[in-house]
């Protein structure tokens, strides 16, 4: 039952020239990523919604019909009119203008919180994963404890300790987001340590640590981007929540949560516009980030639809 | 078993007068983001009653898709777009989902590769067997329990009562595949499609599973389509072998003919790349890759990888030609191929 | 017996989380700039009086001594005396607990009761309007601030339509509390056979429960949909289909049992989120529960009360995880215990 053998040429496998050759072509992957992302309607709607908010934040000075804090007792608590699209609050401040200026404060808070937690969390996670052993174990157990807190309660505790203010909100929200980044960086570090290119780098005698970090960073970029969009949404919600109960930004400032607090003070008078519009602004922004995050996850994991 | 089994059948490879399954010009396509992949390309073949037919080819040749097309369980974005699947006189492609569901399990059953993953991890073996017997055979609890035990005994699982209480993760791969076979034959199907049933199992277990498949055929007279990339296994179990390439049958022959007089260049490549027990140096592989099914090669799909290819192969698709009794091959250069083989010896 | 050992092992894992929480809480509350004693003593107290009160409260000791005392007291179930109510914090918490429990319990019940069927249906009928609806609920529910949802619900159903009572706590002023059995007014009123009070209490519950339910259902529905889709595309469901099992059996027996396991863990996490959201909800609905209590405590720099609340919240959260862990161990045969 033996078959006649025919000599069929085998194609030789070219050996990798260097460790760099084994590294995934990051630039190319990013290009592919953007290409598929552009075809994802969810992500694009999210991006558009965020774009609107960023536009409002950047150009509030020029778009807003009134300054953020122009008190005018002649037009106190007015429902929406042509002069005041979203009505006025109990100090006669124009709510439309305040919502626009609010985009600045809220985006700044969220951005600062996300950047702080990104830096602290990533360094923490990368070191934990690199050192390994007992240190890693203890470090991750600390993250468990942080995540063991119900999020908002923890934020309240921190805000309570620090006293009201924008910095307080930034710090309270940032601390909550550290574990997410730490875990991501740690697991990326662990896989980078055992990966082919780390081995190859070692084999050709390159600086192991340098290579590790050089490859770690591009590999983490995309998942970090995804986590960050979702963390942005969380940050805005939590910041607004803290301001609403008076532990965050003072009600004198045009911050969305604080504006809702002002509206709540007049709640029983039926002045619905005072809290409705700032709330819509929050929902719009957070929805934008969540849609973008969803779209990103779809793109990264096509099985999820 | 004997109570519901159909008449015990003598082992006989007879491409019968009226085949039990006849596939005609079947086209299954996958509508992917990058374009339409024509995975099955006007595929035609037939299976006789009680016959074990091996469906061989590299991964990506469309073997498994053929199996799933027959029972209409192709995962999206795959779809049957043309052709007929005549099973005992009925065209399966025209049946409603409800009619099709009634055929699955009772008339046509399947077993899969990765048997442990194919069993439900949170249900016991007994739950899964009894479920089939309850909903497909209308048995009550007691009957189902008895029959389940009997089925496990039939596939040579020791201590069946204890195994019924086991969960899939507590079984070895071979044991899990036996359970799968027990489930598949529980409703005495007329056709059993085994999709790479021994992949991932070690050699001795593989042999036992193959023997079991043969035994089940002898016992129940069911026809079997054995999908595999393992020619040794096919040699062991099949009456007839069909070679698939790029969604077409390129050669089919009774098993003896197949190994003594392989005719299609692709078959020769497959046979040459078979790991031999005599050891030796390297396993020669067929150069090149399975073709891109979105942009299929013109003419003969194998021409980019074929050393006999000529201008004719690039422009004209070869039709199956008779090589011997029940033996066909689709190639323009059968004669040259045979001459070169003779010269090599 | 093996299950008991498993529970013990899970507890060993969760206790450090609780201890860590106590430690962090202790430090956070010591960081507060506003000195609570001065607040309690009032503006007319002399410096000596303030010093003496601090001494009595043990606030002049080094931090580790204070922490040690605190842990010792905690072990005896003593969380200190609230500066505001002058009652033991444990007593306060025990009094307030049923009100919050009633809210969170019904809120989670609503969330789970709606989200899981919705997630299943949308996975089975992917791409239909039910699916679209689920996806909209899932993404909107996590995008809207919970306190804003509460305000919109109240302004619509109370201020505008007048269908439901306003945010005035657990019962309208005209009613008196039902005799205390469980502390949940609806249950106690029923036990008392007082249907009027039951309906009044139930009506007060509707809006806050919907608020909590809406935010909690979003992630649960989303997760159920995702895990259910995964299960329906799995190899074992393909096997079930290849055997011709009826769709309803495949969905309810083969797929759901697998899909529900990760959802359970999520429910524990959402429960923690609900405890946090509850602070905001109770604040808006003037609901005399733990959330309102902790809010007042924060505003009044009442640290024993704040600490007590946070520790209780973390303990509840840990307990929820433990219950879920046990459920999963019972459902998933692959978990060795």
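The letters A, B and C name the chains in turn, as written, and every chain counts its residues from 1.
Heads up, the rule we're going with is that a contact is a pair of C-beta atoms (placed from the backbone, for glycine too) under 8 Å apart; a residue touches a chain by one contact, two chains touch by 3 or more.
Everything quoted here is computed from the prediction, not taken from an experiment.
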Just grab the chain with the largest centre-to-centre distance to chain C, centres being mean Cα coordinates. B
If you tally the C-beta contacts for B-C and for A-C, which one comes out higher? A-C
Which one chain sits nearest the middle, judging by mean Cα positions? A
Whole-Å gap between the CA centroids of chain A and chain B: 50
Roughly how far is chain B from chain C, going centre to centre by Cα mean, in whole Å? 54
Please tell me the distance, in whole Å, between the geometric centres of chain A and chain C computed from their C-alpha atoms. 25
Give the residues of chain C that touch two or more other chains, as numbers and ranges in rising order. 233
Going by the contact rule already set, what residues in chain A reach two or more other chains? none
Sort out for me which residues of chain A touch chain C in the complex. 141-142, 144-145, 148-158, 160-163, 233, 237, 240-241, 244-247, 257, 260, 263-264, 267-268, 270, 272, 275-276, 279, 282-283, 286-287, 290-291, 294, 303-305
Write out the stretch or stretches of chain C touching chain A in their complex. 14, 16-18, 20-21, 24-25, 28-29, 31-34, 126, 139-140, 142-148, 151-152, 154-155, 159, 166, 226, 229-230, 233, 272-273, 275-277, 279-280, 283-284, 294-295, 298-299, 306, 309-310, 313-314, 317-318
Of all residues in chain B, which touch chain C in the complex? 71, 73, 75, 101-106, 109-110, 112, 114, 117-124, 131-132, 135-136, 167, 169, 180, 183-184, 186-187
Chain C residues touching chain B in their complex are 233-236, 238-247, 249, 253-254, 257-258, 261, 331-334
